[in-house]
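Every chain is named by a letter (A, B, C and D) in the order it is written, and numbering of its residues begins at 1.
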Amino acid sequence: MTIRKPVAAQRARPFTQWLVGLISSEYLVFGLTLLLVALLAPFTPGLVSIANLLNIAGYLLPLFIVAIGVTLVMITGGIDLSVTSVIALTSVVGAKLISADGSATPTVVGLVAMLALGAGLGAVNGGIITCLRLPAFIVTLASMMFLSGFAVWITQSKNIYNLPASFLALGKQLSIALGLTITLALCVQVVLQRTVYGRWLYAVGQNPTAAYISGVPVRAVTFAAYVVSGFCAALASVMLSARLETGSPVLGREILLDIIGATVVGGTSLFGGKGKIAWTFFGVLFLTVLDNALNLLNLSQFAITIAKGTVILLAAVLDATRHRLGRQNA
Amino acid sequence: MKRLYQRLLEFAPLFMFMVVLAFFGAQSSRFLEPRNLVNILVQASSTGIVAVGMTFVLLTAGVDLSVGAIMFVAAAVAGKMALAGLSLPFSLLAMLVVGWLVSAFNALFIARLRVPAFIVTLATLFIGRGLGLWITETRAMNLPDSFLQFGSARFLSVPVPAWLFGMAVVLAHLVLTHTSFGRQIFAVGHDAEMARKAGIRTEMVMAKVYLISGTCAAVAALVTLGQLGAVSPKFGEQKEFAAIAAAVLGGTSLFGGRGNVLPGTLLGAVLIQTIENGLVMTNANPYLYPMITSVVIFVAVFFESLRNRVSRPFSA
Amino acid sequence: MSTPLLEFDAVEKSFFGVKVLKGVSFNIPEGGMVGLVGENGAGKSTLMNILGGNLQPSAGSLRFGGESYAPQNSGDAARQGIAFIHQELNLFPNLSIAENIFLTCFPRMGAIPLIDRTEVSRRAAKLLRDVGLGLSPERLVETLSTGQRQLVEIAKALSIETRLIIFDEPTTSLSERETLQLFALIARLRSRGLAMIYISHTLADVFRLCDDLVALRDGEVVGCGPAKSFTSASLVALMVGRTMTQLFPDRRSSTPPREAVFEVHKVRRIDVPNYVSFCLHQGEVLGLSGLMGAGRSELARVLFGLDPRESGTILLDGEVIDSLSPRDLIGRGVAFLTENRRSEGLCLDASIAENLTLATLAEHAQNPLRWLSAKSLQTAVSNIRQAVGLDSKTGDGQCVRSLSGGNQQKIVLGKWLLLKPRVLILDEPTRGIDVGAKYEIYRLIQELADSGAGVLVISSEMEELMGICDRILVMRSAAIVDELGRAEFDRERILHGAFGTEIAR
Amino acid sequence: MKTIRHAILASFSILCLVGCSKPDSTGNAPNGARKITVGVAFETLQTEYWVAGFEAIKTELSKLDIAMVEAVADSDASRQLQQVKGFITRGVDGIILVPKDAKTCIPMIRAANEAQIPIVLFNRPADKTDAISTAIVADNAKLTQETVAYMVDQARKIGSKHKAVVVLGDLGDINAIGRRDGFEAAIKGNENIIEVVSRVPSEWNQEKAQAGVANALQANPDIDFIFTSSDFLFPSITSALKAVGRYKKIGEKGHVILGGFDGDATAYQMLVDGYLDATGVQDVYFEAKSAVQALIDMREGKKLPQLIIDPGFVIHQGNLKESSPRMWGANIKKKG
């Protein structure tokens, strides 16, 4: 999206023009994040310290990875509510495999199994949605319930410990997680922007019928989006499990709304056809920094919750304003 | 042959419901007792009432994630007032007012400022839960017995919650099918821009829909209070998903313009509760609950989609 | 002469400083019928949107019934008695006929705010009788044909005390018979004293129906007067601002011995008794004529794999195609331009470049990673833009939603031309498109055929088929009932075939 | 212009948020005399027990004039790790942590160890690890077993065979699982007296608990033994019992033997009124005091055991008077 200066604004005062430009920019959410940091930094000791930034990064990366997959699904006009359950199930299955208390298979095998399982679960979702043509919301809602119940059942509520050091290293070394995430994000963004698959993905989200008639393999493209989403959830699960040194059947249970909220705040449309990995990153960053800063401010829990809601709402209002401006300028 | 197949599918959701009833009936002799069926209805009433309001919202292609939070705030306020010694009617009024305030807030942002409903109601979900925690000081509150008496009171030997649920369903059905506002909801849900051009005041329609959803949430909070007699910090949590699931199970489309309350949402809400009830009655393994529920939801939606299938290769 | 019903007085409208209406003034007499013609983008829609209350003029004024008239929204216009029948019908398929008619003004049961269903049915039934539509008012609109929907729109206009009806391209989706029905209805309504504005690209209809004509070009009135004072040629010249010598490009006489490129053998749709066989040759433009509902579009959808086929074989270059799916067919060089360009042809929120290249992306990514070459894409886009004559004012990145119908159709066609198809099927390629753009599209069809491809054109406009085709097939009840070579082209014979009134041949 | 108004609104409200939250005394007092700050991280505050624990710690700290910063993780272990690291970043002098579970807290402990900040786990222990911490714990399983054993004794006294319902917590919550295991252990060997006819998964949700107990009563109207994994579900259970007229005092005909865990205010009131047979009480005051003391000891370099056990106690009709002062719920109730 480029910034088109409306004729009306050119005549207006430079400040107004600047403001309009800022609001219509795709970096708006990022700008808001910086503003937030700038405003809160004087009051919150350690907000901008290296340690805290690393801390934020450690928490943010798995969220961002899940959100990447969700973004792809949302570009096709679908939604994936099952990601958190995929995180939980891959976590316990992987941990069972590699744990000294379990079958103690080599870490690499466990990792591959986790990722394959994640992709496989995504494939099941995608398969049901595309072949049986059921609404994504209800399919992934049902699989969210099922997989979560299944994860708790196979572990009989018990967490799995004693993971090998080689696995835990993935969680300790932020650089590994960072490298993985950046690679993944760049790959996905490049695929979206520069490959046939990316173009197809947007086309499917914008108008599935027109895309189908134009020879786009709509089902395969949609299916692939869910597979990637499952894979991303599994990758996040690896990072979370390693970071927390546990295979847990309730891992990630609470973060679903955060993930979808972050993606939507970033600017990806719930109705499909629109979205970018960079936007999603800004969205995740915004929510995480907000959460972190409010915590460092030592607000009580209810104040944090209220503040979070308010800021999300304000970001959304700005976003809506920006769209109206964009439409007027077109 | 084809006709028969279609005819069968027509009744698939009802058929499915019957299968569930028959299955649990065979497992436990007490399951099909009228008493238990009334139990199911009462237990389904809170989610059901929220789902009725949610159906209105879904019909306009919107969504209301804030219903659970509205329930919590309403219950918290009512609880505080009751504990302060005010009588039941005041508490009831206060709950409705809370429902209206929060949903008017939703309506303002969604209808007037055109912010996507998903984000607005997600934000009010956070704000509402925060407010509720603040009001309750994150403590559980045990309310005076008047609430429990209200919840277990019977009229013509049917408990009040079931009456409220029934009234909500009938009223909603009347509004949706027999008022111009109701028919305009379907028009707005099909295409809001087209509806505006056709002379419908879409902003008003959208706003009203959220107000209805908020009102339903407040009434549902009352019903829940009547059954529990207590407010805990988890009051109403995840209600939004249960309500959406019930409405969608009843055949309401998430993309707007299609759906009904009677029998759709009623059946959806009751079906989910029937499964939960049956599982307890048959002393099922606690671990199996979510899995069985999700499979039944899935199968029901699958049949529903077969029924509505159009021969077009892709449809939203 | 008494006061006119409606007066436009120097109406102007600008969008972001660009004037799209420049001082438009004309009158519509009480009970008069005025034809409004002009190319797409000439300002007709803007003018009518001002009249319908969807837009407000930047300058100038309107008077309706002798009083100042400034509607703020479509409701205002309706209350004043102005009904607007849009080209893209404004009906809700998920509601019944009666509900669509009374959507904003349901009769109520006295003081109770409930809809009086019996009254609704009674009044709706009466209105449907008025417009000659013999259906139950309870039927859902989604089960109606386009022609029937049009009649519902008119019934809706009659449900209020309407004094002026605006028809925007009412016949584009209608079959010949439905068009005749509509014209009869229009005549009946006129006899009741209703005034009408009739907007159409079909000049024959305009001449037939209207007393007065107004021609617009670039937001200005370039011609205004009684219909008799214009000829087709003079009107076209006014609209395009230059003299158009002909409506169709020359079709060179056919050279007989050609190879078959696309053969259809006994293809039958599900639930339909009749089957279809025909053969499309290299370099041939084959027309498919028939009434609405004769199964032309349906046949095309089966051939392109969009609807299931019951039986029959299809051969491309003599080779049997087993699996019919758009993807496979596109891979073999078959393309299909559907009749619904907005819902099936375009991604409206995507850019011009994205839409143009959607079907041929793979050609620009011939590497294992399916990496798109920006340069090759860019070349393709600029070449095809030139080829289809897309005006250079619009950038490649512009979203196609904001383009005129003609430009949108050029983009869909351009998308398929980029494929260099062996076979191109076009369903109503010029529906709702202005004269200039139509000519361009005909030219492109000719060029494609000259390059050796086979072109199948479905159209309800008989003149069009007769102007551009080498051969015309006539369909009725899902079967081909007649075939005419270029030398045999005859309006009456085609009509008889289509109606089944006379056994052809 | 609307746009600008929106923008101003946005910045204004952010400013408001900042303004409202005055920078609190996080430690760096200007005049050298540095006040000690302790970070308190709770997993959740959504039950009364945690609130009571939180308040008790707050009281203990303020007694010793120690400043406190707080964080609540909303049941998300990953967020909790972030919050603990946040504490370390701002340089607290000690951390009291209620971990989500035994293992996810280990990276947090390790982080604290590396920063040489003493860390104490409140109420939940860490799994075996090389990381150093001290945990003040109540043994959920053992205390539940004792409570249920008392209930079984009461049943045995009455004689006839009892039909039992157990209301389970969230199956993903280790405390809920500990209590379930304690319950099962106490029942084991007593099958001749107690038959468990229903296990209701409440997911810590009052509505589900209420519906579950009501349904169990429908399936088996002669149920006369109910144990709940947390006292906060008692209102739901009594509501279900009242609906079928089975909420009776001890000794009355048709009394249902009731037992719970936590020792909250509702349970205290029920004990006093003679409805509740027994509940397992975690000694919140002991735990808070020990936690704060442990932190101080660790700062002074003392070696502490890995576990400090809060023995807890079962409060029942027999020991109500002498034990109630130690029951946190009783004190809340008395305070009003």
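The working rule: a residue touches a chain if its C-beta (ideal position, glycine included) is under 8 Å from a C-beta of that chain, and two chains touch if they have at least 3 such contacts.
Everything numeric here is computed off the predicted structure, so don't read it as measured data.
Of all chains, the one whose mean C-alpha position sits at the greatest distance from that of subunit C is D. A separation of 70 Å divides the Cα centre of subunit C from that of subunit D.
The distance from the centre of subunit A to the centre of subunit B, with each centre set as the mean of the Cα atoms, comes to 29 Å. Our note on geometry: subunit B versus subunit D, Cα centroid distance of 32 Å, whole angstroms.
Each of the following residues of subunit D touches two or more other chains: 45, 171. For subunit B, residues that reach two or more other chains under the stated contact definition are 133, 138, 287, 289, 313. Chain contacts: subunit A has residues 152, 209, 212, 301, 303, 307, 310, 317 touching two or more partner chains. Every pair of chains meeting the touch criterion is listed here: A-B, A-C, A-D, B-C, B-D.
Listed in rising order, the residues of subunit B touching subunit A in the complex are 65, 109, 113-116, 118-120, 122-134, 138, 241, 244-245, 248-249, 253-254, 287-291, 293-295, 297-298, 301-302, 305, 309, 312-316.
Within the complex formed with subunit A, the residues of subunit D that make contact are 1-4, 6-7, 9-11, 13-15, 17-18, 20-21, 23-24, 26, 28, 45, 69-72, 74-79, 81-83, 85-86, 88-91, 101-104, 106-107, 127, 170-174, 176-177.
Interface residues of subunit A, counted against subunit D in their complex, comprise 16, 19-20, 23, 32, 35-36, 39-40, 43-46, 49, 51-52, 55-56, 58-59, 62, 152, 157-159, 161, 171-172, 240, 243-246, 248-255, 291-292, 295-301, 303, 307, 310-311, 314-315, 317-318, 321, 325.
Subunit D contributes residues 45-48, 51, 168, 171, 197-201, 204-208, 210-212, 214-216, 218-219, 232, 235-236, 238-239, 242-243, 264, 266 to its touches with subunit B in the complex.
Put simply, subunit C touches subunit B in their complex at residues 54, 73-75, 78, 86, 90, 92-95, 99, 102-106, 108, 113-115, 117, 306-308.
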